[in-house]
Structure formats: structure tokens, C-alpha cells
Amino acid sequence: MAPQYAPSLRSRLGPLLFVLQTGFILIFAFCAEVDSNVNVNGSTFKDSYTDFQDVNVMVMFGFGFMCTFLVRHGFSAVGFNLLVATMTTQWAIILNNVESWYYSGKIRLNMRSLVVAEICTVSALVSIGAVLGKTNPVQLVFIALLEVSGFVLNEWLLLNLLKVRPGNSMMLLHIFGAFFGLTVTWILYRKDSEQRFEKEKVDHKSGLFSMLGTVFLWVFWPSFNSALLSGRSPVRKLECVCSSYLALAVSAVTAAAVSVIFNPKGRFNLLHLQSCILSGGVAIGVSMPVVLQPWEAMLIGFAAAILSTIGFHLLQVGTTIKHGNCVLLLIHPKRALNSRSFLFFQIHMLLAFQCHDTRAILSTHGLPGLLGWLAHFILLIRQCDDHTTAVRFAVFHICTLLITITTSLSMGILTGTTALCWDSLKCVTFRVSVTITHAKLR
Amino acid sequence: MAPQYAPSLRSRLGPLLFVLQTGFILIFAFCAEVDSNVNVNGSTFKDSYTDFQDVNVMVMFGFGFMCTFLVRHGFSAVGFNLLVATMTTQWAIILNNVESWYYSGKIRLNMRSLVVAEICTVSALVSIGAVLGKTNPVQLVFIALLEVSGFVLNEWLLLNLLKVRPGNSMMLLHIFGAFFGLTVTWILYRKDSEQRFEKEKVDHKSGLFSMLGTVFLWVFWPSFNSALLSGRSPVRKLECVCSSYLALAVSAVTAAAVSVIFNPKGRFNLLHLQSCILSGGVAIGVSMPVVLQPWEAMLIGFAAAILSTIGFHLLQVGTTIKHGNCVLLLIHPKRALNSRSFLFFQIHMLLAFQCHDTRAILSTHGLPGLLGWLAHFILLIRQCDDHTTAVRFAVFHICTLLITITTSLSMGILTGTTALCWDSLKCVTFRVSVTITHAKLR
Amino acid sequence: MAPQYAPSLRSRLGPLLFVLQTGFILIFAFCAEVDSNVNVNGSTFKDSYTDFQDVNVMVMFGFGFMCTFLVRHGFSAVGFNLLVATMTTQWAIILNNVESWYYSGKIRLNMRSLVVAEICTVSALVSIGAVLGKTNPVQLVFIALLEVSGFVLNEWLLLNLLKVRPGNSMMLLHIFGAFFGLTVTWILYRKDSEQRFEKEKVDHKSGLFSMLGTVFLWVFWPSFNSALLSGRSPVRKLECVCSSYLALAVSAVTAAAVSVIFNPKGRFNLLHLQSCILSGGVAIGVSMPVVLQPWEAMLIGFAAAILSTIGFHLLQVGTTIKHGNCVLLLIHPKRALNSRSFLFFQIHMLLAFQCHDTRAILSTHGLPGLLGWLAHFILLIRQCDDHTTAVRFAVFHICTLLITITTSLSMGILTGTTALCWDSLKCVTFRVSVTITHAKLR
């Protein structure tokens, strides 16, 4: 069955895009100019350009093709992704330079501002992953633009309240994006979570495209993690690239191992691989500033992959149970108990009962992101010499996480509620107009 | 039904390729050597190499996979593209260095000469787009080699008559390629345009591959536009990359908006997206030398996407009408009038009735190219201080376009006619031989 | 029918991966550190990083998607490839730095050590190509790890016995990998070569993915060949890139020509293209140090493509005959004789009867590698001034090949035999346990 967009919405997408795009062009016309100083942040133009291209490839190919596993969505996933990404990047360029515009009256475009905007876009694409296949393009654009606004606000709060450097606060995008997306999908779809979404069916034929997207992300993740580091310290960049590569390699092997152990027939579950081989990259991205030794990176990748795969597995069990209306839990208690940590399982069950996470962003981005934060915390404390500094760092670090999660949840609630109200309003309008039409016809 | 190649042709492809390839090797054996001066045009080897790789990726992946949307062609599109591209690049290396060979007796190979040859190849691949699915490989190779010869001739004419710098004249490839391709397909297929070409059916299953090719082109287009700029002025390169990226982003959003407005059900038409999201890159490539502000680039991308999408839409209507033998126009006058600008529609109808453009190169490359030329013209005039200079520039600029179109059309007529004569000759020979065989059998 | 893994094996993959991965992490924890000197071998960090990325793209996309042409294997080919590649790269980093660890107690990680490890991984992926679709993941990991050990041993032998520089001995990976893989498949599958392997069926739907992988390899092969050259001599790098590109272009055209000539209907055989367009890159990689002129590279590409395509064609005929139990040879003597060089055919027949080469690595890597060695030999002798030097070089060069092939064959026999014994042991254990279970049940 084709998706049921309300007719009013359908006719609004075109004009909405036109208005937004014209607005962006006007803002750029009055404020933007190309920076005449090319070597920003110690990198030459060419170096920043290859960084930009790698991130761009991840955004367009990685996230675009990763979502093609949905039957009805396959074809349009790439198109929607392109649309959302291009809109969001333009909006992120503007938002990131609001301060510069306030002081100098100009938005300065250079390779670094484009890279930063693309990374903000990634946080929006992470959130979008939770509502894909259940949402129409107008909602997608709306959610993405609000998510980016919230993300930039969070960065600004962290910078001004706690003096967190942008390079570090940007990497919290996985945590921010995951919690934002989960909140939105929790608000929008808790009512009808009993019924299976028809557009969400997984197609094994288009699985190879999905794998293609995942491998794009896997290969270019080291570039993503090191894109914001200054070109002045190539040693730092080398450490970052080596750590990211090793963490990704270890998490690929570990995710495969856990996947095989969980599968009763001893096969790979490709959905596990797709979601969990990236967890090492996510965790290492968050904990990057304090990872100094290769083995620390490998250990973080190892732990992230185990956490992510177990999370995905339990979430899937939860989802299956949810759809079967709790009967499955009674019939197959073994399968549920099979998942050793029962407490953890309960938490997940709660989440799974309440919200509906299409691309499993909780286990792909949320949990590894939190693990990365924890690794950052532990390594930071361990590197401290005296007790006082350690406590100060600990408080500072916990505050960073709390602010991020609070901003993320509140922006998510705001976005979800607005979308819900709008939707109800629209439905009411639609029903009224239908009733009127019917009345007229009689 | 399998494509009907005349048997004589079939047996000729192998030997033809062998002879051409041996000829190229002999020419290289006597004339070519690797340039010992690596830093050509102010770029280091590594910088030029990444430029070359990006263009190479566009040629092989972008154009190769973009054409996989044809049912019968899907599998061989990539193969034919690879064959034509590798032949044409070798030929373009030779042609571009004829002058250097004339004066110094040597063809000098360096990264820049390879990049220039690849860009010439792109102009041939644009032309090929119009005849794909209707032509056998021998004809494809023949058309591609003649197209490149014409393109290099045009560049030489512009350089010697009007002192147009190669960097600027190369970017006219979209206009040259589109008109060349349209002329060839007009000559070859005007007779039997009533019948639908069986190999031209579109397959929605391989649409994702086609989208993959388009996204490859979209992502690497900024590299393509900036590949020929000198490494000595990184600010110019930065401006070019920023402008190209913004124009592409705006044209992606705008093409999606126009596509939704045109579609009666309010859905995306993926064929629109595939053809029209690149129009911003085409237009900005042609008008690059005078675009200074980001908003100018965005406005050009905006206009190009609208023009390209409307063009594609009308052309499709025209094609449908053509095949239905004008009946459709009478039955669904609304659908035809629906397309607001009726005058423009008429021009397109004429074109659509006479020629048959498989990959819609008129709306993908031709119209945005002309728009880019127009933008270049207007911005150039606006930047002039006094009246005399403005008039001189205007005349100079109009002459550039006229020479390009004239060369393109005349080379197209030459190529088409030769192919047609050859084909008729071949058919006659074939029929004669068949008749003789029949006579013998009796 | 699903593949029949013995149950004991199935349960062992997970723990095996865990143990290996934990072992690697422990080794890295005690020995590895990131090199503080970034500019290794005259290249800046950014230059080495782009080299690394290109090789990484080849390993993950190229080899991963090239093998998706098998029906049952398509989906898991990419997954297995990712698993094997990440395991092997970690192991190769350790092995390559054993000497440095012995003297300084530290494994130093930098971009060059990662690139070298990736190139070792390529040699393992070449070998794996011969046994794909017939082997379970435990065997794949086992074979890959032993192959890399053998390859590093061979490099060490060549360095210490003949003073061959690592940059040159690395490029013998095609010869080493092909002979290793063929030996392993010869030992493992000579018994049951009569039956067609069910998992080996070719799927024409996933052919485009396979083509995608091949084009990835084709495009990034120049980076692969030039990755190990020192950044201090950009002229040498330029020569290498130009030669590789020209050889690849020529071999693409030639493979297409030969493929058309061989096909009775005058069509392209896409399997020919997939296997043979890369032969020029393989041959030029092996002969790189002595290729000075572009035409030499083109001639090597030309010869390699002819050899590779003929090799593939004959091998295919051989395989078909083998499966038809020699009857086909009697019925269609023309088809067999059709392949002009009968002697060569006989040799191939012998090979084809005895071993079973899934991805045709003999004609893709083995034969072009040997041709490259021969070209190196001839060009080296021709460049010598006096007789004595020529003889010394000839002996030295022949010894290099002999040592490589000897190491390759003996490591292959060792690996194959171990796998076979292990398999038999496992089968015996399995049967015994089944018998016991049956006995108990009675």
C-alpha cells in the first residue's frame, strides 16, 4: 500500500522547499563571502579540501545508501538523504557563523566552515535514522533543521558555560543525535507502536547497497574523526587516524564474533555487521582527545562492538516481542533469558516498548557514544596527577554530558510535540475539508 | 529481442579495436615521454594527482553507472563506458599535444595533460548519452573519437581566433557535447523515431545504480570545475569549490521542489533528480571565471535547476506525444497546457519530434550550459566600467558561443552523415550478400 | 541447499575470533606505539594518508564487491572480505615489525606501516579468491593468516639473501598470492572436483556489483602501484602513475577486443572484462622499476591483457569440459581447437582438471604477474652495458622468482595439508560423536 500523505501536506512540500531555499539565498546574498585567507587552522587548501571530500562522501554515499535496506524506502532513501543533507548543510553554515556575523557582519566561507557544517549535518542524519520509513519529506526536513539548530545551540552552551573546544563538543554528535532522534520517534509513534509499519519491511535484495553505504562509512571514518584537528600538529592527526583505523578494525572483527555467537545457526547476521562495525569509530571519536596508545583505541573498539552488538540483539528481541504483544516472551522464555544480562534487557524492553527506532541508532550511535564518553572519563581521571584536578575534571566532564543530553532531550520533545500538533491540526483540517466536500456533494 | 547488429559489423569490432590500439601504441612509442618537470601549473605532484583521481572517478563511476537505468543496457553500460573512455582518453592525449609535438617533436605526459584528456573524454561521454541504447559499440567508438577531435579543434579555434584561455574554453564542453550529440542522434534516428526503441526501456530495479552514478558526479563535481585552475592561486580554487558546492546544493533542493510540484501525486520523480541535480554544477562550471560572490553561484544553481527540470518535464511530455503520434496531445490537452510556457514548449516539441535523446542530455547539459554562458555574459557586462569595453566583451563572448555551436553542429553533421552512409553501405552489402547466399542456396 | 558446516566448526568461529582479537590487542598493548616522526620516507602525513585511503578503498570495495558475482555468496562476500581483511591487516602490522620489535622492543605505527600491511592483505585476498564459495569462514581466516605469514617470510628471505628492496619484493604479491591460492585449492578440492559446487553459481543480477568492485580496483590501481615509492622523488611517482594508467587503459581496450573475437556472437563477455582489464596494472606493478617509457608500459599492458583473456577463456573451456566429464571435448572438438595454441591449452587442461579456481586468479593475477616479471627481466638485460653485469642480473632475477614460487608453493602445501588434516579430524570426530549419539538413542 502506498504511504498515506495527507493531501494538504503533499501540495506543501514544493512551496516549502522553494521558500526555504529562497530564504537561504537571501541570507547568503546579504552576509556571506568567501574567506580570502585560505590556510585556516594550519592546513593548506588542498589538505582541507580532501578532508571535506571525505566527509562529503560519507554524508552522501554512507548515510544515503546505508538506509536502502527498507523495501519501500530503498529507491527514495538516497533522494531524501540528498535533499535533507543539502538543506541542512546550508542552514548549518548560517547557524555556525551567527556569532561571526554578529561581530563582523559577515559569514566567512572556507573549507573549515564547510567541514563543520557537514559534521552538523551528520548529527541530523543520525537522528533522521530513527524516523525513516514512517515520516514524510516535509517532516524530515523540519526535524533535520530543528536538530541542527539544537546541536549548534548545545555547542554554544558548552563553549560558553564550560569552555569545551568546538573540536571536542562536535564529536558528541552521536550522543546528541541518538537521544534527539529517540525522543522524536518516542513522541510521534508511541501510540501506534503495536502495528508494524508497512514501509519498514527489510529487503534482502537491496542489502548489498546497504552494505555499500556501511563500507563507505567504515573506510572514511578516520577522515571524519581527524577532520577538525589542526593541520599544525600532524602527529596528533596521525595518532587520530591510527587509533580510528585500529578501533574500527577491532570492532569489525568483534562484531562478527558476537554476531556468530548469538546466531543459533552460527551464521553472520548482516544487520549486526551493518550496525555494529562502526561502533569503534563512534566510541573513539568521542574519546579521541585522551587516547594516546594504540591498545587503548583497540580496547575501546572491542568494548564498543560488544556493547553495540548485544544492544542491537536485545533491541531486536524486544521489538519482536512488542509486535507479538508479549506472547512471544511467554512461549520462548529461553530466547529472552538467552540474553545473559537480564537487568539490561529490562531497560531495553522498556525503551523498545515505547519507541520505534528504524535504523537502530541507539545501538549504532547512542551506546558506543556513551561508552566513548566513559572511556574519555576514565582515561582523563587516570592521567590526572593530584586529587583536586581529578575531581574538577570529573565534574566538568559529567556536566558536559548532562548539558548535551538535556539539550538533546528538550529539543527532541519540542520538535516531536510541534510535529504532533501540526499533524493533528492538519488531520483535523483534512477531516473538516473532507466532511465539507462530502456535505457539498450530497 | 536481442539487438540486431549486422553480422559484418560484429566481426569488425575486435580487429578495429586492435588496429586503433596498436596505432596509439606506435604514436606513443615515437613521440611520448614523461615530463621531467613535475610541478606544472603551480601544483605539486600529489595535488594534481588527487585532482586527476577525482576526475577519473567521475568518468568511470559517474558516467558509467548513470546510464545503467536502461533495462537491456544496464550490464553493458559500464563496460561500453569503460571502453569508450579509455580509447578517447588516449586519443585526446595525442590530439591535445599535437602542437607541442609539432614544435618540439615530443608529447609530454604529466598529470595536467592526463586531466585535460579526461575532461575531453567527458565531452565525448556527454554526446554518447544521446545515442546510448540505439547504437552498437563500433559506432560508439567512432562517434566518441570524432567528437573529441571536434572538441579539440574548437578549443584550438577559440584560442587562436579569440585568445580564449584553455581553462575557460574546456568548460564549454557541456554545450559542445550536448549539441554534437543531438545533431548525431537527429541524423541517425529521425526516420524511425515513431517506433519505441526496445533497448531503451527503463528499469526501476537498477535505478539505485543509476542514482549511485549521479551521486558520484554530484560529490566530485567541485573537483571537476576546479581541476584546471592553477595551484598558484589557492584563493581562486577555494572560491571555485565553494561556488560549485553551493550551486550543486541549491540545484538539488530546487530540482526536488520543482519535481514535486510537477508530479500530480506529489512524489519525487527520481529521473528528474538524476538529470537535474547536476545542472547547478554545469552552469557554474561555464560561468566560473566571473562568479565572485556565493549568492551569485546559488542563484545560478537555482535558475539552472528550474530550467533543467522544466526542460526535462516538457521533453518527456513531447516524447510521449511523439510516440503516441500526436493523439495524446488531443486527448490530454490539459497535460500539455499544464506546462505553463507554451512558446518554449513548442520549441521543445519540434526538437522532440525530430530527435531522440536517450539520457536527456539537452536538459542535463545543454540548457544549463547555455544558462551558464548567459550568466557569464551578464556578470561580465555588469563588471565592465565603460561602455566600449562592455561592447567589446559582449561581441567577444557572443563569438565564443557562435564558434562553439557552429563547430559542434558541423562536426555532428559530419559524424552523423558518415555513420549513416557507412550504415547504408553496410546494409546494402549485407543485403547483397544475403541475396547472393539465397540465390546460391536455390 | 544451505552450506554444510560441521556443527563443531560453527560453534568455534566466535571463540576463535575472540581469542585471536584478544591476542592481537595484548601484543599491541605491550609493543606498539605511534611513531612520533610523521614524515616517513619523504612524504608528509597528508600525502601518505591519501595513499593509505586509496589502498584501503581498493581492499574494502574492490576485492569485497568483486566477489559478489556468486549467487549464494553475494551477500556475505563483502562481510567475509571485511572480516578477513581487518584480521589480516592487524597480523601483517605485527609481522612486518618483528625485526624492529626485536631490535628496539617497539612496533612503530605510521602511515607507511599501515600501507605495507594493507598491501600484504591484498596478497591474502588474492589467494582467498581461489577458494571462495567452497570454504567456511574459519578456514578463510586460517588460510589468510598463514598466507600473510608466508608472504612476509618471502620478503624477508629476498631481502636477506638477494638484497631485494621491500618496495620491489612487495609487488611480487600477485605471483605469490596466485600460486599459494592455487596450491591450497588443489589440495583441498582435487577429490571432489567432479561435482559442481552449489555455492559457486554465477548470478547475472549481482553482476553490476561485481563490475563496481572491478572499476574501484581499476581506478585506484595507479595509487596502489605508486604507494610504496618515496615521496622524495615525485618524478618517479609521476612515471609510475602515468605508466600504470596507460597500461590499464590499454589492457581494458585489448581485453574487450579479445573478448569480442572469442565470443561466437560478437558480444562482450563481462566475466572477461572483470578479470582481464586489471591485468595491465598487475604486470606493470611487477615490472615497474625498469619501465621508463610510456610505450613500454602500453606494450606490457597489451601483452598482459591478451595473455590474461586467452588464459581465462581456455580455463573456462577446461572447466566446462571437466564438469562434463570429457564428453564435451568429443562432441565439440571445434570449440576446443578453436583456441589456437594447443600446447598451452593442454597445460591449462591439466591445471583445470586438478584444481578449481573460483575467481580465476591464475589468469587475473598469476599469468600477468609472470609476464610482468618477464618484462622486467628483458628490460633489465637490455639496459645493461656489458655482458658480465647482464648475466649477474639475470641470475639474480631468476633466483628472485624461484625463491618466491618455492616459498609460495611450500606455504600453500603446508596450509592446504593442515586444513585437510584438521577437516578430516573434525569429520572423524563429528562422525564418532554422531555414532555415539545414535548408539545412545537406541
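The chains carry the letters A, B and C, assigned in the order they are written, with residues numbered from 1 in each.
In the analysis below, a residue touches a chain if its C-beta (ideal position, glycine included) is under 8 Å from a C-beta of that chain, and two chains touch if they have at least 3 such contacts.
This one's a predicted model, so the numbers in the text were calculated from it and none came from an experiment.
Trainee: Which of line, ring, star, complete and other names the graph you get from chains that touch?
Mentor: complete
Trainee: If I list every residue number at the interface of chain A and chain C, are over half of them used by both copies, so same, or under half, so different?
Mentor: different
Trainee: Round to the nearest whole Å and give the separation of the Cα centres of chain A and chain C.
Mentor: Their C-alpha centroids are separated by 38 Å.
Trainee: Send over the residues of chain B in touch with two or more other chains.
Mentor: Residues 46, 50, 212 of chain B touch two or more partner chains.
Trainee: Note which residues of chain C are touching chain B in the complex, please.
Mentor: 46-47, 50, 54, 204, 207-208, 211-212, 215, 218-220, 223, 231, 234-235, 237-239, 241-243, 245-246, 248-250, 252-254, 256-258, 260-261, 265-266, 268, 270, 273, 277, 293-295, 298-299, 302
Trainee: Which chain C residues qualify as touching chain A in the complex?
Mentor: Spelled out, the residues of chain C in touch with chain A are 5, 7, 10-11, 13-15, 17-18, 20-21, 24-25, 28-29, 32-36, 38-39, 44-46, 49-50, 52-53, 56-57, 60-61, 64-65, 68, 74-76, 78-79, 82-83, 86-87, 89-90, 109-111, 114, 137, 206, 209, 212.
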